[in-house]
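Letters A, B and C name the chains as they come in the text, with residue numbers starting at 1 for each one.
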Amino acid sequence: MTDYNFAYLDEATKRMLRRAILKAVAIPGYQVPFSSREMPMPYGWGTGGVQVTAACLVPEDTLKVIDQGADDTTNAVSIRNFFARVARVTTTEATAEASVIQTRHRIPERPLTDGQILVFQVPIPEPLRFLEPRETETRTMHALEDYGLMQVRLYEDIARHGEIARAYAYPVRVEGRYIMDPSPIPKFDNPKLDRSPALHLFGAGREGRIYALPPHTRVESLDFEDYPFTASKAAGQRCAICGAEDSYLDEVITDDAGGRMFVCSDTDYCATRVAAQAEDAA
Amino acid sequence: MTPLLKVEGLGKFYGRHLGCADISFTLWPGEVMGIVGESGSGKSTLLNCLAGHMPPDTGRVMFDTRDQGLRDTLEMSEPERRWLARTDWAFVHQNPRDGLRMNVSAGGNVGDRLMAVGARHYGDIRRQASDWLGRVEIDAGRIDERPRAFSGGMQQRLQIARNLVTGPRLVFMDEPTGGLDVSVQARLLDLLRGLVRHFGLSAVIVTHDLAVVRLLADRLMVMKDGHVVEEGLTDQVLDDPQDAYTQLLVSSVLQV
Amino acid sequence: MSISCKMKGGGMIEISGVGKRFVLHNQGGVVLPVMEGAALSVRPGECVALVGASGAGKSTLMRMIWGNYRCDQGSIRVAGVELCGAEPRDVIALRRNRLGYVSQFLRVIPRVPTLRVVAEPLRAQGLAEADALARARALLARLNIPQRLWSLSPTTFSGGEQQRVNIARGFILDWPVMLLDEPTASLDSANRAVVLDLIAEAKARGAAILGIFHDADARAAVCDREVDVTGFTPARDLSA
């Protein structure tokens, strides 16, 4: 470690980030402002997540990076390579082996365990943004727990579509207090947040906000008594590769004649199942 | 009987410029008070100070809260004041766009306050919204339309429904009939009068239209240059004005 | 309606030493004294007519009793309530429950149907809408307002029709005290008879009535005595 600082960021910046993270952990669901740095990637590619990961990493860590559940997509591969180079940490594709997982748009299917850290890339941290454009006002609303407006949005969904139509970035209430945007994960993943033993950290680089769910935090998805939340996914489908019925599926178009298949979006989960099936067969 | 609102020595300055000063009055349950005066007389400043939209520099605004009786609203915490504004108080803006959520359906607009105070049953919220649209003479079939699709008069009636759905006891109105056609104004006045009577509402109505206060207000306060120059029973102030400015104001109204 | 009669002198309307002047601030502060030392009393079941030349102050005195003219001096007690210096809410309560007024002019919100205009005083007292409307229908029928007009606003009616709507509104409640300002003006003989009957019935049930009647026959038919307001007119400074 002579040419560059460990994990790219200078120590003062990491210190600032860690202070923000500690505050975020202390106030679950509260958006803590931080001074976002220029990173060697464009906004929207995970600058927030990368900064949070950089602040969390220690040389003993094992890092996994996924994008839409997959370890082999461009964004995931780039970020994994980035940290392999600037922090020289071990990388892995296995959820169970990772101590830090940076993710975009998914939570791994395999239940996370005590001691693991899941870092989310967040495009828009403010769940009330599209209801109330003024940042001063949304902050006041959070401070005063003035959340009727969020419910109005869900009301509008039911009035227009007959159900709460949000399929991703489905708003949650943290420990009965703050309303939080869980980042654009499918609502299928929302229940995984509730009382998870892992630490969840959310980083929004463009807007300079960090928020967190400490382990075992109560996380409820917003709903109506007569229109309860459901964690839905493609109904009646199973993974064409591993046959899983309980995982979140991607629809893959296979030809230009309307052919399609559904496969697990979590590549590690799928591969692990396929390996186990091969073992059983053998 | 406890007064609903008791205002003592209220004053507001914009730097060195006077907004309003020395305003004191007592509003009793079921009373409708009009505040008239020309532009810049301080009537809107006063209304905004009363409704907690801006802090006055002097004075007290005591409101008869449901659980603790008369309390100075200026000494309440912001959450308490906002709670009051969502439950016991209502504010009808002159421009319905200021009082409505224009990108939310009519039903959502009415349900907003219900949800803000904790309603979480979609069916109940919708039933109440539909009921209130009926009360303000909006076809319940338009519950899912956005206010943008409504005429000015309908928007104003929707704003009133949205405000009254939580059963407030005190309604502040800022020129509620301003900007509406005369025929639409009449319909709105009739509606307001009916609602005020039916629910025993108290109201403070700011307007420059003397015909509006004659039909709606029990009492009248006349303001000029930030001060109250005359107050009393509405028809007494209008028919037998004592102050020079009130005499001028009353005699300036065009007769039709 | 039972009224406690603990009032001074036993009158439902008790006026003494009443004076009034207008100060016209926008016309050089001209002071117009219009009344001085006015005194009268009206007992329950009595109908008293105010008489005097035009401009002598009949309407001014009526308005002071109704409360829309301020009383500068003296005492006006109506059903036991002192009106000089009264709080607005006392006057409002008096008008809602005790004091009825048939004015010469109908002042209503333009689009409100006649039936509801007439029923309003009952609604203000809290009577159920159906009952209030039933009584309004009966009274409108008695005053010969054609049924087809009931659902229309009276603002478009003829003078005589408006006057009868006004009377219906004034008589819908059994007020203990009533003020009548030219109730029979612009009415044909049939309707005039109906109005005189209504007045007679109000007297019979014990209402104290003070009125202005230019129609001498009507006055003779219902009034027990007359009070000439000329005596209350201040001496004018003729040199002005």
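Convention: contacts are C-beta pairs under 8 Å (C-beta built on N, C-alpha and C of every residue); 3 or more make two chains touch, one makes a residue touch a chain.
This is a predicted model, so every value here is computed, not measured.
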If you apply the touch rule, which chains end up adjacent to both subunit B and subunit C? none
Of all the other chains, whose mean CA position lies farthest from subunit B? A
Centre-most chain by CA centroid is B
Subunit B and subunit C have mean C-alpha positions lying a whole-number Å distance apart equal to 32
Roughly how far is subunit A from subunit B, centre to centre by C-alpha average, rounded to an integer in Å? 46
Centre to centre, by mean C-alpha position, how many angstrom separate subunit A and subunit C? 77
So in the complex, which bits of subunit B are touching subunit A? 78-79, 82, 86, 101, 104-105, 107-108, 111-113, 115-117, 119-123, 125-126, 143-144
Which stretch or stretches of subunit B touch subunit C in the complex? 28, 31, 183, 186-187, 189-190, 193, 197, 214-215, 218-219, 232-236, 238-240, 242-244, 247-248, 251
As the complex stands, subunit C meets subunit B at residues 22-26, 63, 67-70, 88-89, 91-92, 107, 109-112, 123-124
As the complex stands, subunit A meets subunit B at residues 140, 144-149, 151-152, 155-156, 158-160, 224-227
